[in-house]
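The chains carry the letters A, B, C and D, assigned in the order they are written, with residues numbered from 1 in each.
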């Protein structure tokens, strides 16, 4: 069962992501941890800026829907993986921004000396922080398997799938959105910075 | 007769297009199939972000208004053509974005390896998909005649009229808007990508 | 006396301009013709995105406020001039966009082959249309005097004051906004186009 | 005690800054002078676009919270400094825009000949006005100490902390927002201008 306040939170975040044009068409997916057995995630084939609570469904940590006729997001296993690997994660948000999509197709992304890096728990801005870019793969299970050792060895501040989009997470739905906003801000800065040099 | 729910859907999509600045002034036009004889389309000379249901009028598949005094969009024949050629199309949306206008004046547009291409029914992102650019023509009947064999031979994911704007379509008004959002997202990515190289 | 519906129209257009970030701070000014003796114009020193009807005051065609204590916009004479020269003008809108400001500091602006040029009454898109750029001058009376013969000889589709912003007009408040939207769209396209070449 | 109208003003400005994407995550801070002893400032760790009046707390001119358990913004001392040095300042706003962040990492920022410079009290646009860029420092007390003589000797129109963001101020909360809007407009113009040359 998806608690209604959790479903409402996710629907509200979807509207905020939509107001930034981060969920074009039926792209993007949003989830939150319910408990040690269940995750709430957006259904496949709905516009994430116009979610009703019926569009937030329950899945297991293996990505199986609690109600078999409900089709969860195609990328559900990437969400499940994060909840399994990192107990502190309470919510995961995936959007498609122009900055993330374009930069990820250019190669590696590093953020240097930005104050807003402190949003990710660093004590200082005087850093070079890598945002991992993983190659896209339509076989999500295979993609998840391949990135798992990378996530475990070097837990990142988020990641981007090339030509696809950002994955951000936090301890709660609201906190995950703050981290997504901060990442998208950094990506926009990088895009502008590269244009100027 | 234009069913009121259809008129309201189109008016709502107009507001969403306006919030993205895709219908400047009285530019753009929106339509939906009513049945085998009639199409609902926006009147000429109204702001598509501020439509009332009275601004959505009925036309035949030949573009003739059911009420003679009502003036349909100047580009009505382009909408009618799509309904005639492709039975699965339920709605057609035409807007003017900066990305579409500028890119179309530069020549051919191809999208390569973008995840969001899957919004158009492709099974993978590993593709080069052409978005046709047709030369503008004030004689809409002539333009429609010229592009017809091209549409039939190679049904595209949408098209752009050079220096003018995007045509997108879908099985319903909402679905057409998702396809328009996805196309505009791809066009924005292309614009940014070309600036970086 | 400013008719309340006219004041409300102008306040609403101010909100629409603000939602596009075209009236930063207290910049910009909006007016409409009341009759052969009076013009309604925004007061000086108010945010044009947050106008109350008390912020729309009456002035004469010489720019003199009907109520002496009310301070009209610093650029009132530019509005008055347009109403005097062109009887068909019903409203004049002046905003500050990044595109207008930056392009006008680069020199001449010409729009070629854009479909949306038809919003200005041209029958075709196959044109080169000049948007005049006038040099800025803190002495508004002097500026108005200097541009008058230029406006009369070659009535433009609007104009830009260098490093300052766009002046657009139309037969009504709504129509003036459509023309402003179309001009700002063209300016955004030009900015993007120049970056690509 | 924070007067409720002041708290509501600040919360409203936070929403306006958020609609422009100037307060990503928990970044940014907003304050207003209460009287000769107290300042109202946003708490640390809240989203400035979603402030409740409980998120606006009282601090002394030394940055000490009136209620010890309340944690004011990390940058409180920069706000206090401005109120202490400049009696006319009634409110201070700090946001993070892409333009400010990227330009400040490139070096000095000068605005030349922009009309909107008049928003800062200059009588003309024919000027070169420097917007100081100060190097970032996690030790805010040290940063404040270092910039104090610079602020006193040459009171600026605002300032930017490199890779961090803009500080703007005015005689009231609303006036400070107008100045922030004008500064961000100038920064956006500069970013575009540099891309074109």
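Note that in this section contacts are C-beta pairs under 8 Å (C-beta built on N, C-alpha and C of every residue); 3 or more make two chains touch, one makes a residue touch a chain.
Since we're looking at a predicted model, the values are computed, not measured.
Chemist: Which chains does chain A share as contact partners with chain B?
Modeler: Chains in contact with chain A as well as chain B: not a single one.
Chemist: Any idea if chain A and chain D meet via the same residues, over half in common, or different ones?
Modeler: Mostly different residues.
Chemist: How much rotation, in degrees rounded to the nearest 5, is required to superimpose chain C onto chain D on the basis of Cα coordinates?
Modeler: 90
Chemist: Of all the other chains, whose mean CA position lies farthest from chain C?
Modeler: If we average the C-alpha coordinates per chain, A ends up farthest from chain C.
Chemist: Per the centroid of Cα atoms for each chain, what is the distance between chain A and chain D, given in Å?
Modeler: Chain centroid spacing, chain A to chain D, equals 31 Å.
Chemist: From the C-alpha centre of chain A to that of chain C, how far is it in Å?
Modeler: 44
Chemist: Which chain D residues reach two or more other chains?
Modeler: Within chain D, the residues that touch at least two other chains are 195.
Chemist: All pairs of touching chains, please: list them by chain label.
Modeler: Result of the pairwise touch check is A-B, A-D, B-C, C-D.
Chemist: So in the complex, which bits of chain A are touching chain D?
Modeler: 20, 113-116, 119, 123-125, 174, 178-179, 181-182, 184-185, 188-189, 192-193, 195-196
Chemist: Applying the document's contact rule, which stretches of chain D touch chain A when the two form their complex?
Modeler: For chain D paired with chain A, touching residues are 21, 24-27, 47, 96, 98-99, 101-102, 105-106, 136, 138, 161-165, 191, 194-195.
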